[in-house]
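Look for chain A in each of the two complexes below; its partner is chain B in the first and chain C in the second.
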Partner chain A sequence: MKKSSRRFFGSIVGATVGLPFLSLVLWSFAERWFYPALWPQAWGLRAWRYITSTAGFQVMTAIGHSVVVAAVTAAIAVVIAVPAGRALGQYDFKGKDLVSVLLTLPIIVPPLCVAMGLHLWFIRLGLAETYAGVIGVHLTFCLPYAIFVLWGVFANYNPDFEDQARSLGASRAVVMARVMLPMILPGISVAALFAFLLSWSQYLSTLIIGGGRVTTLPVLLFALMGSGDRPVAAAVSLVFVAPAFIALLFSARHLGNRSLAGVR
Partner chain B sequence: MTSPLTTGADARTRKGPGGVALSLALLPALAVVLILFGGGFALGIVQALGYLPGAGLGEWSLAHFARVLSDPDFLHSFLLTLYIAGASTVIAAGISIPAALGLASLSKRSRVIHFIFQMPLTVPHLVIAIAVMFMLAPAGLLSRAATGAGWIASPADFPLLINDAWGIGIILTYVWKEIPFITLMLLAVLRHTGRDLLDVGRTLKADAWQRFRYITLPIIFPALGAASLIVFAYTFGAFEVPFLLGQTYPMTLPVWAYKHYSDIDLMARPEGIATGIVIALVVMAAVILAQVLTKAARKRGLIA
Partner chain C sequence: MGELDLKNLRIDYGARMIIRDFNLAVRNGEMMSLLGPSGAGKTTILKAIAGLLAPAAGDILIDGQSVRDVPPEKRDAVMVFQKPLLFPFMNVAQNIGFGLRMQGQPGREARRHIGAILALTQLEGLEHRKVHELSGGQQQRVALARALVLKPSVLLLDEPLSNLDANLRQRMRELIQTIQSETRMTMLFVTHDQSEALMISHRVALLLEGRLRQVGAPRELFYQPADPEVARFFGGRNFFQGHVRDGKLHSDLGVFPVGPQNGNGHVRTATIRPEDIRIAPRATGQSRGLRGRVVKTRFEGSSTRVVVACGANEVMVLTPEDAFRPGQEVEITVPPEKIRLFPGD
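Up next, the complex of A and B:
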């Protein structure tokens, strides 16, 4: 691509991606911003002060709920997905197509449908309105994504290195920890990132299973949108995307360019 | 059916280490999918068929499905949802093809463009829906800019772009969010294959369009189809964006389903679940239809 067309392409991408964030940032710092003005008439930190002091506890609780749910979901998903991904990526076996279909279904069937079905059962089991219940419903779609990532990783994984380590006297545990793990670590990071972000942005299934108890950030944000305070909603929105950007920076730094292909 | 997310992966598959070891490796994953996902889905069907233990509803019947499907609003909602999901998918896929070709022709040095391009992937749908609302609302940024330019006099003159009949705000939100998803799936394929074939094409004096039509398009087609299907399935069944940016009537099916489900009248709950099952069935039917069409097209030699 020529330099001029690269500039053109880059500025279109930058403007399209940047504009929504610009509007959120402007609103979060707007003290007074009446209609025809394209720029706020008065700037201020009211919204940011509100979400750190008056509603600080609520926001911190929501962040806490979101982090616990997303982190535990991602951890469980990765632990289960590594052996499954290895089996699917390294070996041919009877019923592999069936397993593939079974894993694809949770990706295409909307979580809302599963959450509504599970709700009554989870109430019986005492899992409704608990972390465990919400993590359970998030796992149904986070796990298949993690497995597909690791399936791809193990499809390109050369197990000969393991044989060499074994022939040099390494035990099974040592081979796993010192040979396999370092080799698939980038894949594990991507799988964990996918699962974390999927769970992090989930709203309706959290609301159905978590009820009013597990108030994650999206649940709080929806409540704030109802109250109609735009600057506060904008500020919480920016808090809500922050980990996503940190994750993206991390992946760009450590995992290279195409690492996020397939994330939703 | 092959997995949509591993298309293009170069599988180094070999004979298994024995059924027991493989089963053990897959057991936890299958347990989660079968018990939590399968269980949830099955219990949804059971409840939608009228069996609601403890609520005095013990009759199995298709009454809830019948009531949902015969509701005059159902067809409206269904068509609206189909239109929004279809338009979002087609527009996002249409933009993703040139975007992927553009990104593929960029040198690896253009990391900033790659980075910015990936940003929407990690942004929750809810956040971008809120930002779109701030931009397109009657008194939003775009309307203010139009007033400043002297095109309109007041917010009332500004065309309705959110909570509108055509779902413009919803579609824009989805398009913004899904372009990078589709593009990166295409890019993964473009990076691995096709360079040599394009050179061959050039040697054989194929023009740019012919090279695109007969080399690039067949190469990216499987990934494009898989990515588009996932986008369609998602946009057909998603709640947040149409809830925030949609009209109050007609609602999209997921919003309708949740409205029934969360009704104070508990008798409406099975109808909500039945609507959820209908959404799932439509999405599954779309996936199966796509598979069948692909197979038929392949048989006739329309695609590689």
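Up next, the complex of A and C:
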């Protein structure tokens, strides 16, 4: 692509992604903004002051809960997805198609149904209104995504690298840690990122299983939006999308440059 | 030391038997080629020796000790794969030092060994390069260095030259030969290229369809093939049958003395190499050659392949002269001393 046309497409993409953000930023700094004004009539830091001081504790706790839930979900998803993806990508076995269908099920069935169905079970198992329960329901769709990512990675993975390492004197365990892991690291990062962001953005399933006891950031966000204070909701929304934004920058910086050539 | 003994090896992939009744002894310090067409099972045998595949039956001995229960990382046989398989997340020196680190060699010692091997494989100055910044030939040399630095009793090389162009191939072959004669390391060199096997090795083992067909010095396999299939693999094309009577083979191509030890009255198969047959345009007057007509020719540069119809037989002749055209009447001469008579069954 020519440089000028690349810049053109770049600005279109930038505008579609950036404009909604711009309105969020404007709202978060608005004191007064009534229709049909194009611009807030009065500016101020009230919303930001509110979420950092008055509701500061609430917001910080919610961020903490969200980070813990998303990180644990992502970690469990990756730990299970690596062996599962390896089995699916490297070996042929009976029922592989069935596994693939079962994996897509939680992705195509609306999370609401999954959460409602699981809720009854979780109550019986004592998992309702617990972190473990929320992580469990998040895993129902984060795990399939992670497995699909690593399935793809392992489908292009050349196991001869492992044989070569063993012949050079590496034991089975060392081969896993020193050869396989570094080779699939880009794939692991992508899978973890996916799982983290999916979990981070969950509202409905968290609310149903957590029963309002597990207040992650989206749960708090909806509560604040319900109060009708738009500048505050805008400010919390910005806090909410921050990790996704950071993740986007990170993945563009690190995964884009990382050559996957050696995996083949 | 580096003696390798394969005894009655059988290797299966699932229900498919790939290798059967395989017996081979490689002597200490020997360069042995394992030669065979694609799919013959060469890689399979190397993997079994390296411990990456468990044989279904038979035994593998290194220096007289059975290694059937020894895992690959503990076996004193290191395999170099057909592709370089350099670890992409390590630089050249780290790749070469991988095995030494697995052995727990201290850094200073390892660096000394790596330095020596870099010099031996002509890779000096590239030690800090990333793997993807190397040419194909350099990658192959790093793969070789990575195994050589471990000084294994037996080095298993799986077609290390097959991904290189003709020029590089020759240089790399000479390099391996030099290293072998300097280090006297026992090597089992897999190739599908008959001339490569003949050039590089002390002895050649020919594998066809999972079976070992003949083992011997290069000249032995070339000049005294054990059976027509071995001869065919080494470029033999002219096979004919004849009756043995009174120490002579009576065939369509003539009567040839074959020595008294060959049984009377038997039908036997014989061969003559295309380049051993002399061909000339049909001369007027008396001659002792066989008369024939050129069917087709194929120009190959330094030589030309000519197919000649002699009665019911078609004979292939390889001649340095590009002087024959289809339809031409010619005369061919078969020198009796170049006839190879196969042992009867």
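Following the convention adopted for this analysis, the second predicted complex is superposed on the first by the 248 of 264 C-alpha atoms of A that agree within 3 Å, B and C clash if a C-alpha of one lies under 4 Å from a C-alpha of the other, contacts with A are read in each partner's own complex, and residues count from 1 in each chain.
Operating definition for what follows: contacts are C-beta pairs under 8 Å (C-beta built on N, C-alpha and C of every residue); 3 or more make two chains touch, one makes a residue touch a chain.
Because the structure is a prediction, the values reported are computed rather than measured.
Look at chain A after the overlay: chain B and chain C fit there side by side. By the touch criterion defined above, A:161 reaches chain C but does not reach chain B. When the shared chain is aligned, chain B comes close enough to touch A:27, but chain C does not.
Of the two partner chains placed around the shared chain by superposition, chain C is the only one that A:183 touches, whereas chain B remains out of contact.
Once the two complexes are laid over each other on the shared chain, residue contacts for A:171 go to chain C alone; chain B is not touched. With chain A as the corner point and C-alpha centres for all three chains, the angle toward chain B and chain C works out to 90 degrees, nearest 10. Within the superposed three-chain model, A:222 lies in touch with chain B and out of touch with chain C [touch as defined at top]. Judged by the touch definition given at the top, the superposed model places A:121 against chain B, while chain C stays out of reach. Ranked by how many residues of chain A each touches, chain B and chain C are led by B. Of the two partner chains, chain B is the only one touched by A:108; chain C is not.
Per the superposed model, the minimal spacing between any CA atom of chain B and any CA atom of chain C is 9 Å.
Judged by the document's definition of touching, chain A residues 158, 261-263 lie at the interface with chain B and also at the interface with chain C. Chain B contributes residues 1-6, 9-17, 19, 22, 24-26, 28-30, 32-34, 36-37, 39-45, 47, 52-53, 102, 105-108, 110-128, 130-132, 134-135, 139-141, 144-145, 147-148, 155, 176, 181, 184-185, 187-188, 191, 229-230, 233-234, 236-240, 244, 254, 257-258, 261, 272-273, 276-277, 279-280, 283-284, 287 to its touches with chain A in the complex.
Listed in rising order, the residues of chain A touching chain C in the complex are 158, 160-161, 163-171, 174, 179, 182-183, 185, 259, 261-263. Looking at the complex, you find that chain A touches chain B at residues 1, 6, 9-10, 13-14, 16-21, 23-24, 26-27, 35-38, 80-81, 83-84, 86-93, 97, 99-118, 120-121, 136-137, 139-141, 143-145, 147-149, 151-152, 155-158, 197, 200-201, 203-204, 208, 218, 221-222, 225, 230, 233-234, 237, 240-241, 244-245, 247-248, 252, 257-258, 260-264. Chain C contributes residues 47, 50-52, 71-73, 75, 77-79, 81, 83, 85-89, 98-99, 102-103, 131-132, 146-147, 150 to its touches with chain A in the complex.
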